[in-house]
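Below is one structure. I have some questions about it.
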Amino acid sequence: MSLRVCRNVTVLEVSPVGQRKRPDEFFEIRLSLPDWDRWKPGQFVMVRPVSWELDMLWARPFSISSVDADGLTLFIQKVGRGTARMARLAPGDQVTLWGPLGNSFAVEPDTPTLLLAGGIGIAPFRGYVERHPHPENLRLFLAHRLPLECYPYDLLSAQVDSRCLLEAQPCDLDLIIAAMRELIAEYAARDGLILACGPTPFLRTVQTFAAETGARAQVSLENRMACGVGACLGCVAPDAEGHHVQVCTRGPIFWADTIQL
Amino acid sequence: MDMHVSFGGLSLKNPVMTASGTFGSGLEFAPYGDLKRLGGIVAKGISLAPREGNPMPRIAETPCGMLNAIGIQNLGVEDFVKRTLPSLPWRDVAIVANLYACDAAEFGELAGVLAAEEGIAALEVNVSCPNVREGGIAFGQDPAQIARVTEAVCKRAGNKPVMVKLSPNVTDIAVCARAAADGGAHILSLINTLSGMAVDIRKRQPRIANVLAGLSGPAIKPVALRCVHQAVRAVSIPVVGIGGIASAEDALEFILVGAHAVQVGTANFLRPDFAFGLADQMAALLAEIGASSLDEFRGSLRLPL
Amino acid sequence: MDMHVSFGGLSLKNPVMTASGTFGSGLEFAPYGDLKRLGGIVAKGISLAPREGNPMPRIAETPCGMLNAIGIQNLGVEDFVKRTLPSLPWRDVAIVANLYACDAAEFGELAGVLAAEEGIAALEVNVSCPNVREGGIAFGQDPAQIARVTEAVCKRAGNKPVMVKLSPNVTDIAVCARAAADGGAHILSLINTLSGMAVDIRKRQPRIANVLAGLSGPAIKPVALRCVHQAVRAVSIPVVGIGGIASAEDALEFILVGAHAVQVGTANFLRPDFAFGLADQMAALLAEIGASSLDEFRGSLRLPL
Amino acid sequence: MSLRVCRNVTVLEVSPVGQRKRPDEFFEIRLSLPDWDRWKPGQFVMVRPVSWELDMLWARPFSISSVDADGLTLFIQKVGRGTARMARLAPGDQVTLWGPLGNSFAVEPDTPTLLLAGGIGIAPFRGYVERHPHPENLRLFLAHRLPLECYPYDLLSAQVDSRCLLEAQPCDLDLIIAAMRELIAEYAARDGLILACGPTPFLRTVQTFAAETGARAQVSLENRMACGVGACLGCVAPDAEGHHVQVCTRGPIFWADTIQL
């Protein structure tokens, strides 16, 4: 039954996103298909360029952003040494890839569903929107720090009702939090579904408002990972009872009330 | 080339084992290869009672290596014996239990429980628990404690071979090796991780919540080879080499200095199928470099006079 | 940012020194930068009598590191004092002599010769000579010997600060640090290399003629940081951090755990101008991360309770 | 007076030599000029690609094969990890380079001079021939294991009297040694100059015959190096009295009777 594989795949394309303002800070990477095609939005892959040899031992986890007949697309923000080196990959380079890994976002076709993306957290929602049977039930909210053109926002806003807020100065954060509170309350009232992906403080905000309003919310965690398969216990988070659970296999997606952030 | 090895009461179809804590129970890696291709699987550390392990963050990447302070998170020996062991292919691959405790009595008790299990091929003793009474120096850094713990485990190990895993964080590894052999160990395995640390200059905090952590991976291979070389010369019991192995060539380096088998740890994170092909690659490389057999190659390092 | 540091009787214009054995006499690097930009230069190891050092090969590359067994090849203290020292810009940059001997008396004699030299800012004591009578364990691995050698050097050091360089190849670095402090050391420097080994599976030989060699470079940085962290907490004398520093960020990590200065070793081989710009880069990085001064930043690591 | 510098220079071109038979085993690499131009044949540079980051700490030493207005040419054989990674460099990549380092081959314009190259040892002779005021006094002998097209032999044989011998099977070695003995005896008799560059066994042969015949011979050593500037003492060789001397600064070229191989 296992669909997970580890393969060397080929880089097809590395294209900067929003390069005008932030050269190379965000990029999309297209990889040749490993021999799996069943995957669910919210799942991720572990990726390690073969050229890394012995330095930087760990692969890096990335949400599957989209898969089509030609390949697998990841959407990546350069935040450190590994992603910087990945931005320099060229077509033809080999990367070791394993997956699809982890669980996936709940899909309730007829439920009003709110997608809350914090920055690069928008990555998995591309696949979610593409695969959703009733995208008209979806709404996207993006809180972003960098110019909008850096994110695949246009792609999504063409398909679903979307809204975004820029955090340019500290006071913007209050606006964003207020907007999130309002949205979460609205979806709680409609017995909707809330899915969130972004940095930990962003997820904490979601968790807090969901708890306050009783909203059903899922959060996707981005803990540092070494193995991605549940073995190293390096990625754990405490669940509601304080037991350490692996984010890579028991997550990365958790119901907001089952995990401590 | 025949890769079968027998030593210290263990019989393995090839000399490649996976190292404790880096390969889960083994089952996590089943999607990526046939567990039966491995010479052995050392399960992750097991304690008598369940342990939640250390707070997060627990891991950090370092140049050609990594730090970890997992803190032996595990569900306890009862869960292991009832739920994990039965689902492992223990008839076809040697399953070694890795025992963690903080005193000799506890080690003995743990050994007693595991020795009763048909599915366990050997017991590996992890003496890295910090000895709080002695200022944080671990049991494994004190030869007298190593001998005491080894004796306690051997007494309760029944017919299971006992493998004592040595720490490299000592002044003289030969003394520790002899202490374990004198305590009755059938096999030595080494090295466990080097004590290390990493800090974040922006947050002005340690990168690992536990502050101190264990360094593993290719970075430590030269230290591991040196320790294995010294241990092999210090005792007559067989030795299993561990530390930084990330290729067939690395594995053969440990065999060359005299190890009977190797354990692969951090390299399992390079790619989850890493360990499965290693024995075949070692066989091919042995042939390529003109070794007539694994036995002939083992320990054939020529030292200057 | 003001990068000047004074500690233990040394006054340096910045906290960047070059590590013994990796920067020659200093003069070899003069074509690549202005020696006066350095905080200090620790000259290569000096013994009383000239030494040819170990047979070749003496060096090998390892993952993110290297092994060396040079064996303190040098022309002896007389040649150093007469020929090398006068050509160094010792009025503008602190020149530290690195003393190597195999017993306390010899150390004392060496210290006496060097202490008489105006051009020497401090004496660094390298206690890595293997103690043949005690089975190859080095002086530096035995706290009692560390104390004895330190005393012998201090007695003859006149008004020169004495810096004792500690080996990481010990069970408890804190005990060694206290031994040096008790022996009268004014400063500690650490770490020296980790004991390691490399072998060639094709030739079935060690890659280093001496078999055992010292591991250095980025690979060992986590071990070095841990040792410095423990030493800083064990003694009240100032500590100089050494091991794997290959960037301004690395250097600041050592300052963060409490080091007063750092020494750069293997990174001098990355490019010969490496050390010259490091202090400026550290200053810029300190400003970037919001530190108000070097003093404020030093030792400001926040540990979990 | 010092001409030595350390600079990042740009890879202009990486071109395989003799690729048909041995893909990528030999290659020529052209680098933008560091800001020096005075160099002497036999000198070398230390080269370390910036992309190596922290793994493979040492630069690799290579003879300066040729320098012209556009750049510096090295001629490299792939023998291990470092040279393999250098073969994968692309135009635009940065490498750290320091030099020119070491001493140089004797130049005696009017003396009959024999250039003995063992394989890749031919590299410095390209520059030697190009810069020699009387190339008609030069003769080249190349002992090689791989097809001739892998070496820059044609380039040199167009300029100087040249001869080569292939070592394809063990017995060929005897032929090569016999040829070397004869050549060295001839040049000894003519009070000529002999310059040799190649693997250590090749240099030992030269040394032995030079001692036997009293020929004046220089050998260029290829010891493993870490610093290249005389500081690490990792590259030493014992001189005639058994004192360890740095090959990088006291060599790489030694009169054959002054060094122990």
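Read from first to last, the chains carry the letters A, B, C and D; within each, the first residue is number 1.
The rule we apply is simple: a contact is a pair of C-beta atoms (placed from the backbone, for glycine too) under 8 Å apart; a residue touches a chain by one contact, two chains touch by 3 or more.
All values derive from a computational prediction rather than experimental measurement.
**Student:** Strictly by the touch rule at the top, which chains does subunit C share as contacts with subunit D?
**Tutor:** For subunit C paired with subunit D, the chains in contact with each are A, B, in label order.
**Student:** Among all the other chains, which ones are in touch with both subunit A and subunit B?
**Tutor:** Chains that touch both subunit A and subunit B, as defined above, are C, D.
**Student:** Please report how many Å separate the Cα centroid of subunit B from that of subunit C, as a whole number.
**Tutor:** Computed from C-alpha means, the inter-chain centre distance equals 33 Å.
**Student:** Which whole number of Å gives the spacing of the CA centres of subunit A and subunit D?
**Tutor:** Going by mean C-alpha positions, subunit A sits 54 Å from subunit D.
**Student:** Can you compute the centre-to-centre distance for subunit A and subunit C, using the mean CA position of each chain? Integer Å is fine.
**Tutor:** That gives a centre separation of 46 Å.
**Student:** Please list all residues of subunit A that touch 2 or more other chains.
**Tutor:** Residues 54-55 of subunit A touch two or more partner chains.
**Student:** Any chance you could list the residues of subunit B touching two or more other chains?
**Tutor:** Touching at least two other chains: 63-65, 217-218, 246.
**Student:** How are the chains arranged in terms of who touches whom: line, ring, star, complete or other?
**Tutor:** complete
**Student:** Considering the complex alone, what residue numbers of subunit B touch subunit C?
**Tutor:** 55, 62-65, 67, 135, 137, 141-142, 169-172, 174, 194-199, 201-202, 204-206, 209, 211-213, 215, 217-223, 225-226, 229, 244, 246, 249, 252-253, 256-257, 285, 289, 300-304
**Student:** Tell me, which parts of subunit A touch subunit C in their complex?
**Tutor:** The contact residues of subunit A facing subunit C are 54-55.
**Student:** Residue numbers of subunit C touching subunit A in their complex, please.
**Tutor:** 63-64
**Student:** Write out the stretch or stretches of subunit D touching subunit C in their complex.
**Tutor:** 2, 4-6, 48, 54-59, 96, 98, 223-224, 226-237, 242-244, 249
**Student:** Quick one: in the complex, what on subunit C touches subunit D?
**Tutor:** 21-24, 28-32, 44, 52-53, 56-59, 61, 63-66, 68, 70, 73, 217-218, 246, 266, 268-273
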